[in-house]
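The structure is given below, and queries will be raised subsequently.
Chain lettering (A, B, C, D, E and F) follows the sequence in which the chains are written, and residue indices restart at 1 in each chain.
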Amino acid sequence: MLQGLVDFFSTTGFALVTWKMLVMWAVAVVLLWLAIAKGFEPLLLVPIAFGALVANLPTRGVITTEVKPNGAIDSAIFRIEGRVLPAEHPGAPGEANLQVLKVEKVEGGLYDFISQGIKLELFPPLIFLGVGALTDFGPLIAMPRTLMLGAAAQVGLFITFMGASLLGFSAKQAASIGIIGGADGPTAIFLTNKLAPELLGAVAVAAYSYMSLVPLIQPPIMRLLTTDKERRIRMQSLRKVSKLEKLIFAVVVMIICILLVPDAAALISMLMLGNFIRECGVTERLVKSAQNEIINVLTIFLGTSVGITMRADSFLAAETLKIIVLGVIAFGFSTASGVLVAKLMNVLSPNNPVNPLIGSAGVSAVPMAARVSHVEGQKYDPNNYLLMHAMGPNVAGVIGTAVAAGYFLSTLGH
Amino acid sequence: MLLSSPFFAAALPTHPGIGETIVFQINGLLVVFLALATIWGVLELTGIYFRRAAARAKATPPPAVVAPAPLPGLPPQVVAAISGAVCVVIDARHRILAIAPVTADLDWAHEGRRQIFASHQVR
Amino acid sequence: MLQGLVDFFSTTGFALVTWKMLVMWAVAVVLLWLAIAKGFEPLLLVPIAFGALVANLPTRGVITTEVKPNGAIDSAIFRIEGRVLPAEHPGAPGEANLQVLKVEKVEGGLYDFISQGIKLELFPPLIFLGVGALTDFGPLIAMPRTLMLGAAAQVGLFITFMGASLLGFSAKQAASIGIIGGADGPTAIFLTNKLAPELLGAVAVAAYSYMSLVPLIQPPIMRLLTTDKERRIRMQSLRKVSKLEKLIFAVVVMIICILLVPDAAALISMLMLGNFIRECGVTERLVKSAQNEIINVLTIFLGTSVGITMRADSFLAAETLKIIVLGVIAFGFSTASGVLVAKLMNVLSPNNPVNPLIGSAGVSAVPMAARVSHVEGQKYDPNNYLLMHAMGPNVAGVIGTAVAAGYFLSTLGH
Amino acid sequence: MLQGLVDFFSTTGFALVTWKMLVMWAVAVVLLWLAIAKGFEPLLLVPIAFGALVANLPTRGVITTEVKPNGAIDSAIFRIEGRVLPAEHPGAPGEANLQVLKVEKVEGGLYDFISQGIKLELFPPLIFLGVGALTDFGPLIAMPRTLMLGAAAQVGLFITFMGASLLGFSAKQAASIGIIGGADGPTAIFLTNKLAPELLGAVAVAAYSYMSLVPLIQPPIMRLLTTDKERRIRMQSLRKVSKLEKLIFAVVVMIICILLVPDAAALISMLMLGNFIRECGVTERLVKSAQNEIINVLTIFLGTSVGITMRADSFLAAETLKIIVLGVIAFGFSTASGVLVAKLMNVLSPNNPVNPLIGSAGVSAVPMAARVSHVEGQKYDPNNYLLMHAMGPNVAGVIGTAVAAGYFLSTLGH
Amino acid sequence: MLLSSPFFAAALPTHPGIGETIVFQINGLLVVFLALATIWGVLELTGIYFRRAAARAKATPPPAVVAPAPLPGLPPQVVAAISGAVCVVIDARHRILAIAPVTADLDWAHEGRRQIFASHQVR
Amino acid sequence: MLLSSPFFAAALPTHPGIGETIVFQINGLLVVFLALATIWGVLELTGIYFRRAAARAKATPPPAVVAPAPLPGLPPQVVAAISGAVCVVIDARHRILAIAPVTADLDWAHEGRRQIFASHQVR
């Protein structure tokens, strides 16, 4: 009797819980509190926090991790068991190294398979399919100049790249930290998984938390860099954009971006496919699926898969703190450069001025950053409706960050 | 992370004898009761805290909700119809505080803006 | 002309139909009748019966089965055809056995791939994600004592384990047969696929059929073990459980169960994630997906994949009859032990008595077993509303069976 | 500075754009115009056209294609990187060629994985699951004779097979071109992927475009082959078909077709499973998923995966033009043979005549071909309601084409 | 299960001659007609059975459905409104047998219970 | 198709110096501005075309939409109720041209047919 119980207890997980794992339990609870009580990107932070909790529990059959010779930790490993069959016609030319493997058994934990959605770079582009189906690029097409504000908002990315490399991060890691300033979850996860998978947890948590902090981080910077007169600038109401224009926009943006940064093709093509089926008006069934089924289901799996990488020994490291600090800097500089470039545009073409407050909306986090510009503008002139104008740079920022990610990939990725 | 579970010494042979199965059973039951009893214990603790919190809340009556004085001259069926419509549109728990005639002509613009605000929280 | 037709007929399946397959067609039709006319778990039994029909037809390109040397039948086998490339930097240390396989072709039938959802243990945890999102643990939190009734209801599992091993089943097979008494489809399929995949069809059919028979099996046992006075016991109405309590419950149960039975981590973590996103109130989009898209689509694939394993030569065997008989015994003992432990609780703490009729609800099949206790109680006192009280043990039984499966896995699984 | 920019530009895609790719951009735009402005099967042609655009852009990380020694182009290739572990018990018999591969990394582009849905023949049967859930076979069961019109409509398939092989296509290619006349997207893609994957793009585009052209192609042929008197034939209203009959129909059709053409088992079993869960009335949740989530999501992926195979050098070839011409011929003959067999039926059994106009509906494209017969009939007698009668051959044609595909597979497939 | 399909002796060569294609075609058509004719045959058989069953059913008229005597004093528009509401809530075929004033005060409790009963059939 | 990307000669070393990072940054920014500026240019061109098209459209006023003369004797609330119902059923932009009493008795048959017509466009 006793011997059986003793043996059973040797299989339980109590002995494997380290104090670091308890700290991670606390981190997960704090993230859950931020998401539920403070409304910090709940759709992402709740699954991420839950994944982090599971990552720091002595589970069996959920995730397999291995420490590689060079110290890096590799997770989501599974085994294929099968019989090597002789190739059908071995003699034929070009059949030299042909191998036929009859797979009899595949073994792995639940998240060894679900996390492949991240490792194979499938979830981010497919979520961008949904984001494209939810986004209206009308305001941007009506005022194409705001593209420059979307580009300006990427300055924070590159400045933080320098900051990170100064703090000792490798070039690949510095790029993954800089991308946080782009305020686009899928793009950040897409890039970080390719360049620095070991930072995935920290980068995702920083990116999604800062997106929720936009209403706190941006207003002080916007007020600091703008004069009272500039804040009251009223802009002409946007012209109505026709369906055909929006369809042409989707195809043109896809062609230009893929030609310039082929490495961002997966993200850009899915973003524009989602937008195209939204605007063309004859694919209602597909739009509904992209906006709901696809994006909701993948968000649960993306969030938990990111959380599962947040193991105590890799997350509770100095790098994580550096990343959190650098993340704020990235957001700060992106906001500032958006506003400054808006002021520059007024200098260059004073006749139809741009209210600099919409510059900060270049930091995507659609549509929250645009809402912040609108609310900020109303503080100085209650009848100044900036929302639609701010949506221009807001959605331009999504394209800007994808292009920046493409640049990082083509220079550092291969 | 994957526990390289220690080889379970006294693992049951493929065809265990009666004695072994009985021991195996009882151990199994003990483990199930142990797990659920631990949860029971924790729930009793949290239960005490939350029962006290609920009692305290009952002591301090919630701020008296003054009944919304219906607009004079508004027939009751119209009030009923309006609250019915509100109930259909706001598909969640809500309370109608006041019914006022439309003044500003910006309402549909606000509605447009509201839709953009709520357009998507997934990023 | 004729020769072509004769050749064609050699490819048709007529010659391959055995009388056993005809018997299986009848079994499938009976299951369909039970599901449609008698309402026996239709959402599961219809796909399972259809899968069984397909399993017993001479199909090509649907399922590949092979008889292994030791007589066991292995199904859902597919082939990977590719070229073995030399590892990029062969000389490097630790690269000894590194192999890069460029996959050019993957070949297999439709259910060789869909059934991987069961073989890789993916469908059961993901369906538990949906079950968690549909379950209200409020009644259990309001009356934690009912956890003991959930535990008591697992007695049937272990008694049937002994019964099965006496009837000559191996320890692993006995565990897979015992789990039927837990009345949880996903848990039964999760355990059986790991310990005794050859019994998958019989165990699943028995489990889901008995869940529908709960309104027939339980009442006689409940009446047998309770006195008239006990059946009229009125219980205090349950206190209202706050959102925070439900959130804490989800996290606490997950931590305790994973620490105690790490092997049940996949099931428990998904069950509690589903419940957490239901109760936290800020992830409405994710809850809707878990409750509908995920659970419906996976139920079609789970059901048909289970059905596809029901091949004549493995299903039409003495074991199947033994399993069906043992299944009833499992349910019977689980019901009885639930009621008896409820009576025991009244003896131990007579001041706030428990109506033993709710003990039988420990046999999950949520919410049907709770409904049976409620309806039974009303026969003796029409104004005695036991439903909410019975939901306590009902949902506790889900956790109890998952823990029991964890015990079986950690002792027999490795 | 400059050197960095020059290096960056060496990674851009400008240099890789050939004039052929520009032609394909035009082809994609034309297809989009047909889908959006002319309503040509938008749900399919929009994703296909978009996929074609991406296929002809210099992308990285989207699709991997390789030219095989025999000149054929193979796409959707991915790599598996792992360590070959010694088999657990190497000595055991039958373990000779056992190999355990610990997979550490899987590499491939977004559509190298999504397109596996087509290469592994998963999307077509699963879309047929949805088609089955959307189809009412009532009219066919009420007038079983119309099955002969469904069969007659397959004549076009075989005539075009001969036409294609005369034009120099191989037998396998001829079968893939003939199937266009069946007007069933999933069946055409299922067969073409197996027999002649290199023609996938052209066959899919031709099939879906001609389905939309049914209202133009069919009426002239229908008028040509029918006399005024025949067009006014009124048919008795169809009897009401009970639920039980529809359930029996689903099972009977599945058994007969699988016995006769085992190779069509995947398509037929999913079509009938979808129809069974629709008609049995107790699986509402599963029907809703099959009719919406499953079919919508898979249509996006099927369409784009087909489009991605439309690379300039394989699509812009003489074969494509031949396929487009042969496609029309296939549709024409199918329509004609449907009408002629209807007239033959009137000769054989003059007592209850069939209005030959419904014969053309044997060319599935459900429910459009049936609508064409109805509208055509109303031109000659406004109170002659042929729609329900035409639905008979319309849905029979779906089964007919699946059987024809099974014939092609069993004769040419192995 | 996977049929190891016998090697199809007279399988068509990659580029079959005219004769062979014609034979191949006719065989194909024969197979398609054979399959659909078999289904036709079976449907005719089941058709006979079900047509007879339907005839028998028509012979014995269904139990006379007595029109629900509307509650005295209930204006017709209210009956129409109530049946409209019922139609919206019960999204399936239904027949209103009687309309009676609410007596017991337990109705919302029953509704709560009904929701739990129907809460989920997926297990 | 996969570009076998030429080995990026001056790829950044793992730990680039200050000078190299600054150059790398500026290049990055230039690429982003270049991409978005190209899109800006194209949008300005299409913008000109569409602004002119919109102007021309405004010049030729759209065919005057004659207000649907409401059926004599139809009380305004009934018209309001009907258009409300139409709005709920047709869940898209629409304009009510006329309200006419039901004449033919085939309407529900038409509705059945309409549902079959729209039953599914996925093939």
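Following the convention adopted for this analysis, a residue touches a chain if its C-beta (ideal position, glycine included) is under 8 Å from a C-beta of that chain, and two chains touch if they have at least 3 such contacts.
Since we're looking at a predicted model, the values are computed, not measured.
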**OP:** Determine the shortest chain-contact distance, in steps, between chain C and chain F.
**Re:** 2
Subject >> Shared interface partners, meaning chains that touch chain D and chain E >> reply: C
Subject >> Higher-contact pair (C-beta pairs counted), B-C versus C-E >> reply: B-C
**OP:** Would you mind checking which chain's C-alpha centre is most distant from the centre of chain A?
**Re:** E
**OP:** Measure off the straight-line distance from the CA centroid of chain B to the CA centroid of chain D, and report it in whole Å.
**Re:** 46
Original post:
Taking each chain's centre as the mean of its CA atoms, how far is chain E from chain F in angstrom?
Top reply: 38
Subject >> chain A-chain F separation of Cα centroids, rounded to whole Å >> reply: 26
Original post:
Which residue numbers or ranges of chain F touch two or more of the other chains?
Top reply: 3, 5, 8, 11, 24, 26-27, 31, 121-122
Subject >> Sequence positions of chain A contacting 2 or more other chains >> reply: 7-8, 11, 13, 42-43, 58-61, 80, 82, 85, 101, 109, 260-262, 285, 293, 295-296, 299, 407, 410-411
**OP:** By the touch definition up top, name every chain pair that qualifies.
**Re:** A-B, A-C, A-D, A-F, B-C, C-D, C-E, D-E, D-F
**OP:** Using the touch rule from the top, collect the residues of chain D that touch chain A in their complex.
**Re:** 7-8, 11-14, 17, 25, 29, 32, 35-36, 39, 42-43, 46-47, 50, 53-54, 57-62, 68-69, 80, 82, 85, 97-110, 113-114, 292-293, 295-297, 299-300, 304
Subject >> chain B residues touching chain C - in the complex, by the definition given at the top >> reply: 3, 5, 7-8, 11-16, 18, 21-22, 24-29, 31-40, 42-44, 46-47, 50-51, 53-54, 121-122
Subject >> Of chain D, residues touching chain C in the complex >> reply: 74, 77-85, 93-94, 101, 116, 119-122, 125, 129, 247, 251, 254-255, 258-263, 265-266, 269-270, 273, 276-277, 280-283, 285-286, 288-290, 293-294, 407, 409-411
Subject >> Residue numbers on chain A that touch chain F, as the complex places them >> reply: 141, 144-145, 147-148, 150-151, 154-155, 157-159, 161-162, 165-166, 168, 170-172, 174, 239-242, 244-245, 248-249, 252-253, 256-257, 260-262, 285, 396, 399-400, 403-404, 407-408, 410-412, 414
Original post:
Given the complex with chain A, which residues does chain B contribute to the contact?
Top reply: 1-3, 5-6, 8-11, 23-24, 26-27, 30-31, 109, 113, 116-117, 119-123
